[in-house]
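The data blocks that follow each hold one structure.
Paired with chain B in one complex and with chain C in the other, chain A is shared by the two complexes that follow.
Right after this comes the complex of A and B.
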């Protein structure tokens, strides 16, 4: 299936992916209005070093440790996409304990958040990919993790 | 192929999902002592705190058994296994035959033989939905609760009922709370946080005798209470396998395919003991993720596939009143401690490997550490300064990152 892949050679460290992600998951129609004067909580995060930067978001693993470890059944795989049911999550953070990529993070309201490839928001396809100015993040079919 | 699963919790669900990855149609029968749809056991404290409901705490959707073509026999127990005949005998005398059997019988709260325990009016253990429902009936605003045991179960119970009772006092023989997962400094931090929320602790002490609803402690203190919660630990339910001639220690012995020593009998979850990666010892890892993954491994193997569960480690995610604690592995070797307001972090390294950690307060991306422990990643292949600072993929080699984020093998 199609997944998000990152090529760190092309990443500018511009953080636009984080803003597009936050906007896509805000439910708002206007990006400037949605993000003005707030601290964003994107589901994709840039790691920056001295001479390298790259984006990290859920890998949608074929054998997802977060789903297998989830104590409530809030995380599950639907057609290859690892989705999250906010209603059932109690914020125990077992998924944060388990994810090898550090791609699941605490969210406001005491639960967690993760990339769902924009399948549950209005975008329909990953906003970070569409917004990356240097094609350092792509959404395509490759080998399985 | 006929499958029977004894038990109906995480290991059983893992097994069903494992079987169905390999075998879409063969009949699966689940035998459950409890009369409930599969539910998440760790959520019982959240139920008392009003943070979940009986409907939301179902571990799988309502249609789970029918979706997976399983027959659930609820409210009956298996009293014996006949491995030579490949049958199990139920409490009602009926016998069922199997080709492959999973034992996922979980554990039972240990009730210590304390003098006068029989004289206590209201007492309960805290492991099942029925325990939680019983507590729900027993507690009231003027209720003074005494909890025996400052472990994970006792403290989650304390948190769950805190707002709904007059007082919660926790007694433990150990000199600190959560002694199985925390060191002195970490335990002191969590204890102080819980005390601010009103929980009282009596540590390095134990109940010598009950005189009705009065506990007489070793120290001489006398604690009157209205309700007693016994949470000193659990014991694996191994009797079915032991009585059938299978090998058991503290738990049912399983190999990395989750097979017991009895042919075609598998076991998973809290009832088992398996090899823990960081210590190399056989341990009972009574943890939900472990139960699910062992169950899934067993299920795949029962259905003719080939799965190995060989990365079991001790690990815990737990939180109290908003303070999160993540721990994993063994606490030995060289350590690195970082402390700041509301944050405590201790890493343990031995033989060029990260072998354990304690994170309190700031737990972001801890899974990167967890995976390094499970994979036994040699520390000289990562940038250790970066790893010490925080869990980050930047610490790995470019080639390794290409595998992880680029989906390309090196």
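Right after this comes the complex of A and C.
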């Protein structure tokens, strides 16, 4: 299955992926209209150290702890993608506690948000990958994790 | 400074309707033009630091930015123009030689743009390169006119060493040090994939790049940086650099700040020491001396590799080339005055040397008249900007061309001409690790391959139009060219007729 992989060697720490993520999940047609004068809440985050930076988002693990821990069945695996059903979520945040990558975060409105590889918003083409200027984020087949 | 005589050259225009304050401009500008005002929640800019490299413009996700030339003006004068006045102010402030980078930007005639290419109509059929074979493969090196037979009567197949190019375009000499590791890797990998060559420049060959040796031309220049036996043996050919089009008659100076770690090891000089290339080779003061170096290099590599000699296009270039053709060199490289550089004194870059078009025509003519054209191949460089320039160069008599600036443009260079500052925002002309990583060779090499492949298609189209199916048949075929708006003398030097003749 194709997953998002990150190559810190090429990550510039420009944070564009965060903005493309926020835009893709905003449902708006115009980026300026969607993101101007707001604080964004992207599902991908840049981690930065002194000389290194890289993007972190959901790994879509084969045996995901978040899905195991979900008490309502809101998180489930569909064709390898870990998806999230907003209607079922009760906002208990157990998934947030159990994700070892810190890739799930609380969302505005009480429930959680996570990367769904843009399957629900842009048709299976992750916006962070398309927007990365240096191919530091790639979407490719690499065998199972 | 209390008084600043200079008003910034550019203005940063930010569209507030579009700016989402993502701060990518701020993070990506090594010149620190952009900043974020937390209090106001808006992006600010200090245009006095802007070099117009467009990094921020290219990465702005909402296209909120553009850079425009300031319309701030001095009182107009055709003699004392704004840039002339600014240079005087700058020198009065610094007391130093003005430095600049890349090619001569002055308004000298570009002869490529005054030459038109022929096409077939009715009486000689044009060729469709998509349906019929079309050859752009060429060989560089000595050509022998004599056919010799061995004792058994068979043709002796021993030829002098050649370079084989699938396309008559090579990547010109740019040293590791003047450009980054990633830029070099991109050029090397592209040359391999394209079946052509890139050139190390005089910075030596990084250990990691020995694997690309069969597609590498290794340079030996006046500083002899990084030259040793395995370096000479690693390359497919050896180039002796006598001069460079951007700065004929002077040497080079890579500041000590750029001589870090790998660059120092590759150049074989101590870290932090300035890399100074003398203006002349101190062992070459005549064609006879040059011949000695040519043959030392051939001897060192068992006569297995062609040796080329690179000179800047200067006034008596034809006579110099004639000497080089007799020196034992296999290839002559002529670099025109529009050729790029990582740093050159502005006055030299803008005022010394001659256009490559005239130099090429003069050299080809002279060598043919003297019957020694086949002794050498001619490679030209110094602003080959498109496939049309390549076709015109070949028709004027070149065997192949080097591209430098065009290759850097493919890698992202925006010709801001600030290489000498070492803060290249595109990761090309810098050694700062955080900037170097901005050029991912996986992307860079592909863009180079795309560029040259596209040119190759266009060259084939133009050749097909002329009814020529082999680039060998186009070489020196000046009847395929006509001048437009050129005077009698220019046409005579170029050896072409005027359009309509």
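In this text, the second predicted complex is superposed on the first by the 143 of 145 C-alpha atoms of A that agree within 3 Å, B and C clash if a C-alpha of one lies under 4 Å from a C-alpha of the other, contacts with A are read in each partner's own complex, and residues count from 1 in each chain.
Here, contacts are C-beta pairs under 8 Å (C-beta built on N, C-alpha and C of every residue); 3 or more make two chains touch, one makes a residue touch a chain.
This is a predicted model, so every value here is computed, not measured.
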Using the superposition on chain A, tell me whether chain B and chain C clash or fit. fit
Looking at A:88 after the superposition, I want to know if it touches chain B, chain C, both of them or none. Which is it: first, second, both, neither? first
I'd like to know which partner A:36 touches here: chain B for first, chain C for second, both or neither. second
Which of chain B and chain C A:49 touches, first, second, both or neither: first
Taking the superposition on A as described, I'd like to know which of chain B and chain C A:105 touches: first, second, both or neither. first
On the A-aligned overlay, A:12 touches which partner chain: chain B = first, chain C = second, or both, or neither? second
Which chain makes contact with more of the residues of chain A, chain B or else chain C? B
Chain B to chain C: minimum CA distance in the overlay, Å? 17
Would you pull the chain B residues touching chain A in the complex into a rising list? 10, 14, 40, 42-43, 46, 51-52, 56-61, 288-289, 292-293, 296, 315-319, 322, 324, 326, 328, 363-368, 370-371, 391-394, 398, 401, 404-409
Please name which positions on chain A make contact with chain C in the complex. 9-10, 12-16, 18-20, 23, 31-32, 35-37, 51, 131, 133-136
Residue numbers of chain A touching chain B in their complex, please. 3, 5-8, 47-49, 52, 54, 56, 59, 65, 68-69, 71-73, 87-88, 90-102, 104-106, 110, 142-145
Residue ranges of chain C touching chain A (in the complex, touch as defined): 17-24, 27-28, 41, 58-59, 61-62, 64, 433-434, 437-438, 440, 442-443
